[in-house]
Amino acid sequence: MNKIKSIYKKNEEVTRLLIIMAFWLIFMAFTQAKKFYTGMNFLTMAGQFPEYGLMALGGMLCMITGGIDLSVVGAANMTSILTVFTLTRFFGADGTMPLAFSVVIFIIAIVVGIIVGSLNAFLISRLGVPPILATLGVNELLTGLCVVMTNGSAISSFPKQYCDFFSGNLLGFIPRRLLVFIIVAIIIWFMLEHCTYGTKLRLYGTNAHVAKFSGINTTKLLFRTYITSSICAALGGLMMLATYSSARADYGTNYTMQSILLVVLGGVSPNGGKGKISGVITAIVLLKMIESGINRFRSVSTYYVTLIWGAVLILALVIDYVSQKPKHAK
Amino acid sequence: MSQCLLKAEHIKISFGNVHALRDVSLEILPGEIHCLAGENGCGKSTIIKIISGVYQRDGGTIEFNGQKIDKISPIDAINLGIQVIYQDFALFPNLTVAENLALNTELASRKKTVSWKNVRKIAEEAVSKINFQVDLDQKVQELTVAQKQMVAISRALMSNAKLIIMDEPTTALTKKEVSALFKIILKLKEQGIAILFISHKLDEVFEISDRFTIFRDGQMVATGSTKELDDKKFTYYMTGREFSDKIFVPENLSDKPVFELRNLTLDGAFSDINLSLRRGEILGITGLLDSGRTELGLSMFGLKPADSGQIMKEGKEIRLTNPREAIANSIGYVPEDRLSEGLFLTQSIGDNIIISEIDKLKKKNGQFDLKKRDEEVEKWVKELEIKTNNPNNAATTLSGGNQQRIVLAKWLACNLDVLILNGPTVGVDIGSKHDIHMVLQRLANQGLGIIIISDDLPEVIQNCSRVLVIKNGKIKSEYDTQNVSEQMIIDDMM
Amino acid sequence: SEPDITSDDAIKKAADEGWEIAVVPKDSTNPWFVRMDTGVKEVADKAGVNCYQIDTGTIDATKQAQLVEDLIAQGVDAICVVPVDMESMDSTLKKAKDAGIVVITHEGADLTNVDYDIEAFSNEGYGAFIMQNLAEAMGEEGLYTTMVASLTNGSHNEWADAAVEYQKEHYPNMTLLEENPRVESDDNGDTAYNVAKELIKTYPDLKGIMGTSSFDAPGVARAIQELGLVDKFFTSGTGMPADNAELLKSGVIKSLTLWDPAKSGEAMVDLACKVLAGEEIGAPVNLNVDGYTEMTFREGSETVLEGQGWITIDADNVDDFGF
Amino acid sequence: MNKKIKKIFQSNEPYIFLIIILLGIVVQIRSGQFFTANNIVDLLSAMIVPGLFAIAEFMALIAGGIDVSFPALASLSAYATTKLLLDKNYEGNVLLAFVIAIAIGAVLGAVNGYFIGYLNLNAMIVTLGSASIFQGIMQGTLRANQLSVIPSGMKSFGTAAFLTATNKTNGLTSILPYTFIILVLVCAVMHFVLHYTIFGRGIYAIGGNPLSAHTAGFNVKRTKFIMYIMIGMIASASGICRVCMMQQMHPTNMLGMEMNIIAGVVLGGVALTGGAGTLTGCILGTFLIILVQNSMILLGIPTTWSDVFVGLVIVIGVSLTAWQSNRTSKSKKKSVKEGA
């Protein structure tokens, strides 16, 4: 019993969400079993969340520093537009792209991530701009540039080999996008739990001033964090490109708020210093299940998805509050 | 004893699993100066917060002025005539001095609106009471620590208090200011106001108080008249052990200096500082607050790079423009304010200890060596006797003295050549203070060069072999501690 | 005779078989799609077809695509979509086709992975039609510019392009504002209003704004009214009758154009039923809905069916529509 | 005296003011239309709704909190009010609309206030969540659609001119609706509340140090609770203003405004960490954003480049303010030194 308690204490965020998820799954089993519990449905869900899941993973790092990244969607669209431009440039609008060229596509994502992340980090660490504003401005700037480059319209004529491959499934049932997500998740998990980076990140998020007094290279840390976040976002952009086989300046504008919601729901404190990847991943999966599940109810307006998300978010906080209510809280 | 002004009996409170107060009693007579003492974390601040309505007790009774008090809010306490100067001053950094001074009065008057004229009047009256010179329109965040303390004191004196509680009011004050404060306290006593005074400093306790109470570990261990008390008994009550202080004698001095400053200057802070430190030596730097001593400390650690002059490490010139360069040159710095500069309060004790040496705890492949990390943490917790049953607990769970040990451990773990400490035992109780001094002396004898910046003169004289006195940013004098008296240093400081 | 959708054999069969037909609009706060929902509901109520409208709440291409994916996973029989964005929807619809689901679209002439696309008209035709209305109001002369919800909106930009094209051919005395040939309203009446005011200030010669989204012309009209430019400055564009009755009657706007979204909704459901029932779709197609009784294939296309659905509303007929 | 001037230039407001004037001059040079009565009136009327929102956000930021739910809150209460009045065929004065909306806003604000004040939960998370809930209630429960016709009282209030400005050269006439008075009124009231009431000083005190505020005797929980109620009320009033001015109610139009509003307020020198900032700064910062958004065409910036331009202004603007506040905090430290 004590052991269970201590496991719960250690992984409160995850456990909390898993309990909510269990209730949801049971509820779905009673009401929509035939429509919800199908291989096809789970396959669809697994293919859908990587694009914004990736953005949430990166955003999580920023939030652990006590910052926030609002430029994820801008970085994502910039990446897919640049990719499309590159592909048309090399192979023509109707050419074929050797699949190996995908490597170049991923390099584009990484380069975009490095540039955007550096710009964010420069504004934040060197000029002292609050992250919320720095990344908001950068996002607006990126979206603007995307509009300028594309004139606002979607581009869909370019070699589609990359899209076909990454929107497909491995062995027929594992979406390749999910694999990308898993690989990135493992890398970030490793960075947080098995590199000194994770400890530095949490400590910096707790108190940036003390971090400086302790000799942490705070500038480098911020650069690393925001660059990682932007790379994740750029990869998210590539996943969007794969799914929609087209690029446009305003795809996925809802994902900014959504990724923040996911990060916070996953137990990352907006004040910084606290957060685990397991929580965020659980939150991503949970919300996808809720959303997908609600779409099964024709009579329930899809607007209730928003309502339920908000309720789950506050509920998670309240559970937290009730479970460790400090007796003498002021 | 029905004539007690305040009578608290069998007070209990716990925070989660921490039983901060197990069963303590405290009696204060009208118009007396009562001293409350005890080790860090024994519950002094906690009982004050209970009396003043900040915390609600779990058990026990409180009587004030013959009236039973059940549940009170801070504002009720103020209205009853209880004023508190909290350890962290409880000021508003973003508001002006005038407003900070007047807010309590305005609040207590239960008025709904603010009259700025009135605010000014109250503020002027407050500072004039203790003859405190300050720009009333300045924001409190722009003040020095000592000024903040004076603001807090002035504020407490404002209302018609029957009892004024001061939680370690002298930690940030210099001798001069302390004696001014004591005069005020005596004047208040004449007016029939009782004072509850918390301090770790023995001499202060003996100088000012009529009666005393000592807590240990959330329990009351002694109370009585100060006249019946002596140094030995006092320390014994507080710590439950006896120790004698040891004067530091360097055993292991190197020939060549390990660290030197030549004409170091930082505009607006200090100028032409020359000093040299040998391994095995403990060098004291003392001066008034704002004499430039803190900036000098920061410059030696790269946090405020000097404008001109040279810094030499083992005979080679080095540049220090940020803390990392200092650490790379094996120089460490224990900051003045451990809470805001030294500790990641909500993070684990372990992480706090290893953070500065973290880059050395990597495996060959760059991975974080978690096993080595745990070994390091364990080693330092043991070495510095940090009182914790689990180093994964947050640093907040420790009391001041133990927190200070974490900061020390963090730097010692870096395997330093030079350690600079700014006010290493501010607010630390006698027991912990003694332990920290012993650690420093031992380290010096193992070959570390140590600089202690402090205005605690007994500490400096006892632990340093030499002392530099700084005044207005310049070195005023240098003494061998064997032939210097406190008074000589004070004369140079002023 | 009056077209009656319940008389359609395919509809009857759909009701018997219980085929599930989902209609996905761009969003549903817009009166446009609220109106479409009325049409869909009517088929469901009157004919007993298992059809319904479902949407994402905000206009967002990615959200819409995910909703369609969910419907595919759920195994509906037919999906009718009004795509937010053609390009991204196309690859999603491929999955639907692969899963054997019937796909009908509206305002999606460029989509390839569909069974059929229904157009109340062609984009070119509609753009030209708005231009005709604007030109008439402006007296076929003067400086004008075009307004779209956003530069990223597909159909609006096509209409605007077509309108400009049409003007060049037919109204030599009209000129497009070179410095600002296209402005954005963000699908927001307030923005349209502010942008219009700014345009009027900056370009004193400007005489007209061609609107595309249903927020444009009403927003511009507000500016015209406030600035005292009624009968001096003109606008035309899409708009629902009930929402704009007052503006039309007061003469701020001379005419607006639209087609009835309820009818498009009904037509989509009817066509879906026909395809599901395995009926041969050969021109002219009769969907038993007003304006969609004699649909023909667009030239060179085997999927795009065009009807004669558009209407002009003005001060005289605005009260006749009942929506 | 000199000291006073120095103090003024250590704050953000004069710099923002300078940027506004400079931008105005550039617009004037490019179009000749900036310093005309009708243009100023246009800008002021575009300022009404964002200005009210900014004041609400300003309070939240001063207290060390944040509110990202106000657009959803305002939409919900304005929608519910308009719909209710329409259903009842209400023909009367606009006052009732304000009363109802403000009452709903107070209730919704109380929800935020309860969680943030009494349960002491993180303001960002709570308002992020409540924004979703408010939107869900509006679109799901109330099935909100655009309302193209609004009660006549609201309509006449939104179109009635409080001030009419005519440009003599081109004859263009712009009106400043009566809603502007509401902005001025709220501004004045908030100035009074924040400066001359214990409650308002409490908001500053909480932003400076919540623990001290508690020990000094402020009822921190209640202050926060009431503050979020007030935010709800102001936001709702703003929502009604917008409906009246646009003469229609669109439920989702206002959503997404929060970030630009926060940007404006912070641009005006209000610290995200709480406690610092002035109402003047908040209004100036918001005005700068409005000015930029509404001068693009006058400046001759092509529509394609407009987002780039806004992005650049935000990035450069906040960089400047950040740089300037770093600089003054450094020089302040130095002057303390020199004084000692």
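Just so it is clear, A, B, C and D label the chains in written order, and each chain counts residues from 1 on its own.
Quick note on the criterion: a residue touches a chain if its C-beta (ideal position, glycine included) is under 8 Å from a C-beta of that chain, and two chains touch if they have at least 3 such contacts.
Treat the numbers as computed from the prediction; the structure is a model and nothing was measured.
Counting steps between touching chains, the shortest path from chain B to chain C takes 2. Ranked by the number of C-beta pairs in contact, the top chain pair here is A-D.
Comparing the centres of all chains, each the average of its CA atoms, the largest separation from chain A belongs to B. Note on chain placement: the centre of chain A and the centre of chain D lie 30 Å apart, centres being C-alpha means. Taking each chain's centre as the average of its CA atoms, chain A and chain C sit 34 Å apart. Note on chain placement: the centre of chain B and the centre of chain D lie 43 Å apart, centres being C-alpha means. Each of residues 147, 151-152, 303, 305-306, 330 in chain A touches at least two other chains.
Residue positions 54 of chain B are each in touch with at least two other chains.
Counting partners per residue, chain C has 57-58, 151 as the residues that reach two or more other chains. All chain pairs that touch, listed by label, are A-B, A-C, A-D, B-D, C-D. In the complex of the two chains, the chain D residues touching chain B come out as 195-201, 204-205, 207-209, 211-219, 274-276, 332-334, 336-338, 340. Across the complex, chain A is touched by residues 115, 119-122, 124-126, 128-140, 143, 210-211, 214, 220, 259, 262-263, 266-267, 272, 304-312, 314-315, 318-319, 322-323, 325-326 of chain D.
The touching residues of chain C, counted against chain D in their complex, run 27-31, 34, 57-58, 151, 179-180, 182-184, 188-190, 193-195, 197-202, 204, 215, 218, 222, 226-229, 240, 242-244, 246. The touching residues of chain A, when paired with chain D in their complex, are 70, 123, 127-130, 132-134, 136-145, 147-148, 151-152, 257, 260-261, 264, 269-271, 301, 303-314, 317-318, 321, 329-330. Contact residues of chain B toward chain D in the complex are 49, 52, 54, 73-75, 78, 84, 86, 88-95, 99, 103-104, 106-108, 111-116, 142-144, 268-269, 290.
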